[in-house]
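All chains are identified by letter, namely A, B and C, in their written order; residue positions are counted from 1 within each chain.
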Amino acid sequence: MAISEHLPAAAKAAPKPRTLRTGTTWVGRNLPWLTLLPTGILGAVFIYGFIALTIYTSMSASKLIPDYTFVGFEQWVKLWSMRRWGIAVNNLFVFSGLFIAIATVIGLVLAILLDQRIRHEGTIRTVILYPMALSFIVTGTAWKWILNPGLGIESLLHDWGFVEAQFDWLVRRDRAIYTVVLAAVWQSSGFIMAIFLASLRGIDPSIMQSAMMDGASTWRIYRRIIIPQLRPAFFTAVVILLHMAIKSYDLVIALTNGGPGTATDLPSTFMYDYAFDRSRIAIGAASATMMLFTIAAVIVPYLYSELRSHNRSRTS
Amino acid sequence: MNDIVLGQRSLTDRLLRVALYGVLIGFMLFYLAPLYVMVVTSVKSLEEILAGGLMNLPKKLDFYGWSEAWNNACVGTECRGMAPFMWNSLIASTAATIIPTAIGALNGYALSLWRFKGSELFFGLLLFGAFIPFQIVLLPMASFLGWIGWSSSLVGLTFTYIVYGLPFTTLYFRNFFVSFPMDLVNAAKIDGIGYFRFFWRVALPSSVPIMIVSIIWQFTNTWNDFLFASTMTKLESATVMVALNNFVEVANGVKRYNVDMAAAIIAGLPTLAVYLVAGRYFLRGLMAGAVKG
Amino acid sequence: MATLEIVNVRKSFGSVEVLKGIDIAAEDGEFLVLVGPSGCGKSTLLNAIAGLQANDSGEIRIDGRDVSGLHPKDRDIAMVFQTYALYPNLSVWENIAFPLEARGVSKADRRAEAERVAELLHLTDYLDRKPRQLSGGQRQRVAMGRALVRDPQIFLFDEPLSNLDAKLRVVMRTEIKKLHRTLGTTMVYVTHDQIEAMTLATKIVVLRGGEVQQVGAPDDVYNLPANMFVAGFMGSPSMNFMEGVLAADAGGATLGITRPDGGSVSLHLPVPDALAARYDGKRVVIGVRPEAMVDAESETRDGTYQQIEWPLEILEPTGADTIAVLQSNLTGGEEEMVARFSARTSARPGTVVPLNVDTRAVVLFDPDSEEAIFHAAASGSAPPVALAVANGSGA
């Protein structure tokens, strides 16, 4: 009809799509999951297969060389009776408790301070967050020097007139773990600040304005209205920090190497030591299994709730 | 109330403001101090370092630390400086950035815009892989690489990075494409635009921001990695982080702090540079890895 | 160029049946508008026609061929989306020509086609821009251009104007109508806006709860609504409903209406004897369009108008005329009625005012089934059932 006068001669001349093409052939219909097949295979083998293998190894008689005789929970029992594993677990509690608490508080405080229409906010944020870009090996090396008992902070305090001051935590068995906390907080609190700041920016400013008109003080507004609304951010921050704490390895290696003695051993350093340096493979595998279970207990519910709420918001 | 309306501040307000900036500056100093100490230490002579004065500026600039770190620093028995290890890291990180990002883009595209039965489950299972403690795969991976002849090699390490980077890159692209209007896909279906053509001509060009995020994430993470690198490499194939740690740990005799600090700065510089250039994307990557929504 | 037949199409999402057996037929060159409130199934039906969602059962025939199992691209249709669905990274001309790219048309030819379509849609100056640099109306046109370049058998429109502001909507409505006249291609158009439906359609399908309520030409759907839903949905302000009791008498029946204030009025209607006998002494609902209810004091009308008196609540001047808001006597409801008064009316709110009702345009409904039982406009003869209206009016 009239269309041919106005429209595409070439479109008419061009071949209409042949019936059997993408979407109609078997391959065409199944392209999406075929795309994912390589990743699926890699994931099945290298994530889930290897997890299964490690768990199995932890139940085997392996020592120096793999020995796949099944011995049940024997190695687990052995692990939990080891004094050094006890120290590592205990350290993990101390370290993660302090690390999470301090990093959360600092992150929250910084976020609230930065949310006060600060000049040069971008620069300040850049400074606070930069440690996150560095390797724990680099920061560990730096802090090791700074905390060095002879020439580090201690000597600085002496220079400043505190002649009696002592700061030898790095080499004290009962204090070394706190130096790990310090370096970890320094490295990670900026990220927590960013999480809280993003959450603060998501709060409707008119809530603040209306509360001000109602005559509430700034402190009260934060305590009663703003901070309670940050609940999801708290949740996220704690999960992330806990996840980081359990996986912490590099920092301890670079800063204290688990020492003095085994004073700053964490499950991660314990695992590496037994699996590779001492070649007690089954014990190493058992400790890795414990780490996995701990993280799974935290992450699986988190991922589940995140995915579910995400899908909900998408369908609505 | 009037004060607010008129934009004037009372004295208390102004004092609070000063205190606010004071606290912020204090925090900035706390975050900057270690970097400052690293830099000044690296350009001091060893005598000056041993004389104390951690925070003092160097009396005289001395680049001995830097030249030693770059040219002669010993790792194990090798005394060739940091340079070869930087090169190793660069090779491994580059390959481990490009490949997972490319695959992740396709994965994310399929998972979000072409959902199929089980695609959400697939995503969930893959996502978990992003959060496992890598200790759980360390032993089998080391045996596997030995078995196929890639043990203690850069190839093996790179392969490891690729495999365990895929959950992250897939996550980024999937969450990016999820907010892509479904109508675009529907329009393409009606117009006869194929799966790959739509990916190549529409989806991928629109995903540049998340591509940058993915690239930065993979690069910084593999560059900064220590656990895999220390397990999967030997001396010649060591990455810069392994070299740095080894170098700082093993040095015998008097500790040469200026060389240590110079080496640490050299090792940290690439990721720091990436952060300064593309901090926005770096943060977005961190956040996306943390908050899946 | 194609006919479209939809035969007993059903679709469920889980346990919710969204399409409950839809039957529609459109001639070649028809402008078919699917209209209804949100959730009526109109978009689902359009997606089924497009092939974006498979129908559970029934047939969708384009030019006699059932396309139900076919991939969207093999149905030879083009679609304009509510969100326009423009590819953000492609320029205007690439967007328009993208369907051709997939068909292997050379770049030079694609550009030429895009230019030709662009001229038709007044987009020539924008060919090299990106979608985000365009206004809403321009994006809309690009989306149409991409459909046009295909030269498909059927165009599908999914609420294409709902993201535009009121003024632009009117302009684009006209453009789409012109386009249909120029091309003569069969078009299927989904909207919730009954004015769009009235102005564009050659045939309207009113949907509700996954069922077809009425199919017909715009005039017929407006003047001969099949039931109270269609009567109330089509037209703005919508049809007024009053309840009364019918009494058969010579030459038809008299409808006695009790006003909300207790007074009573009556209208004599020329209903057929059989109907009058059937409903003698029973309740019926009378529907009167606002424009068929005018101010008797300032406007004099001929003999087909009958006068009743009704309490006036509020007057809302709109400039051209004045909207008079009255209270309906419909049981249970706080329903309002609206009459169209002249701008110079002397009526006073709060008083009882005389109204002239055009009895040629009234409709009677059964209050229980809500089906129409008598259309005064249908030359005195009452259509027995709704479908008769639908079938008798279409082409």
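As a convention for this text, a residue touches a chain if its C-beta (ideal position, glycine included) is under 8 Å from a C-beta of that chain, and two chains touch if they have at least 3 such contacts.
Here the structure is a predicted model, which is why all the values come from computation and not from measurement.
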Discussion item. Going by average Cα coordinates, which chain is farthest removed from chain B?
Written reply: C
Worksheet entry | Chains linked by the largest number of contacting C-beta pairs | A-B
Fill in: For chain A paired with chain B, centre-to-centre distance based on mean C-alpha positions, whole Å
13
Practice prompt. Take the average of all CA coordinates in chain B, do the same for chain C, and state the distance between these two points in whole angstrom.
Written response: 59
Discussion item. How many angstrom lie between the centres of chain A and chain C, each centre taken as the mean Cα position?
Written reply: 57
Worksheet item: Which residues does chain B have that touch at least 2 chains other than itself?
Response: 189, 192, 194
Fill in: Per-residue overlap in chain C, given as positions that touch at least 2 other chains
71, 73, 102-103, 150
Worksheet item: What parts of chain A, by residue number, touch at least two of the other chains?
Response: 17, 23
Fill in: Residues of chain B touching chain A in the complex
1, 4, 20-21, 23-24, 27-28, 30-35, 37-38, 41, 49-50, 52-55, 103, 106-107, 109-111, 114-116, 118-120, 122-129, 131-144, 163-164, 166-167, 170, 178, 189, 192, 194-196, 220, 223-227, 231, 241, 244-245, 248-249, 257, 260-261, 263-265, 267-268, 271-272, 274-276, 279, 282-283, 286-287, 290-293
Discussion item. Can you tell me which positions in chain C touch chain B when the two form their complex?
Written reply: 50-52, 71-73, 75, 77-79, 81-85, 87-90, 98-99, 101-103, 146, 150
Worksheet item: If you look only at chain A, which of its residues touch chain B in the complex?
Response: 17, 21-23, 28, 31-33, 35-36, 38-40, 42-43, 46-51, 53-54, 57, 66, 106, 110, 113-114, 116, 118, 124, 126-139, 141-146, 151-153, 155-156, 158-159, 186, 190-191, 194-195, 198, 212-213, 236, 239-240, 243, 246-247, 249-250, 253-254, 257, 268, 271-272, 275-276, 281, 284-285, 287-289, 291-292, 295-296, 299-300, 303-304, 306-307, 309-311, 313-314
Discussion item. Touching residues of chain B toward chain C in the complex: what are they?
Written reply: 181, 183-184, 186-187, 189-194, 197, 201-202, 205-206
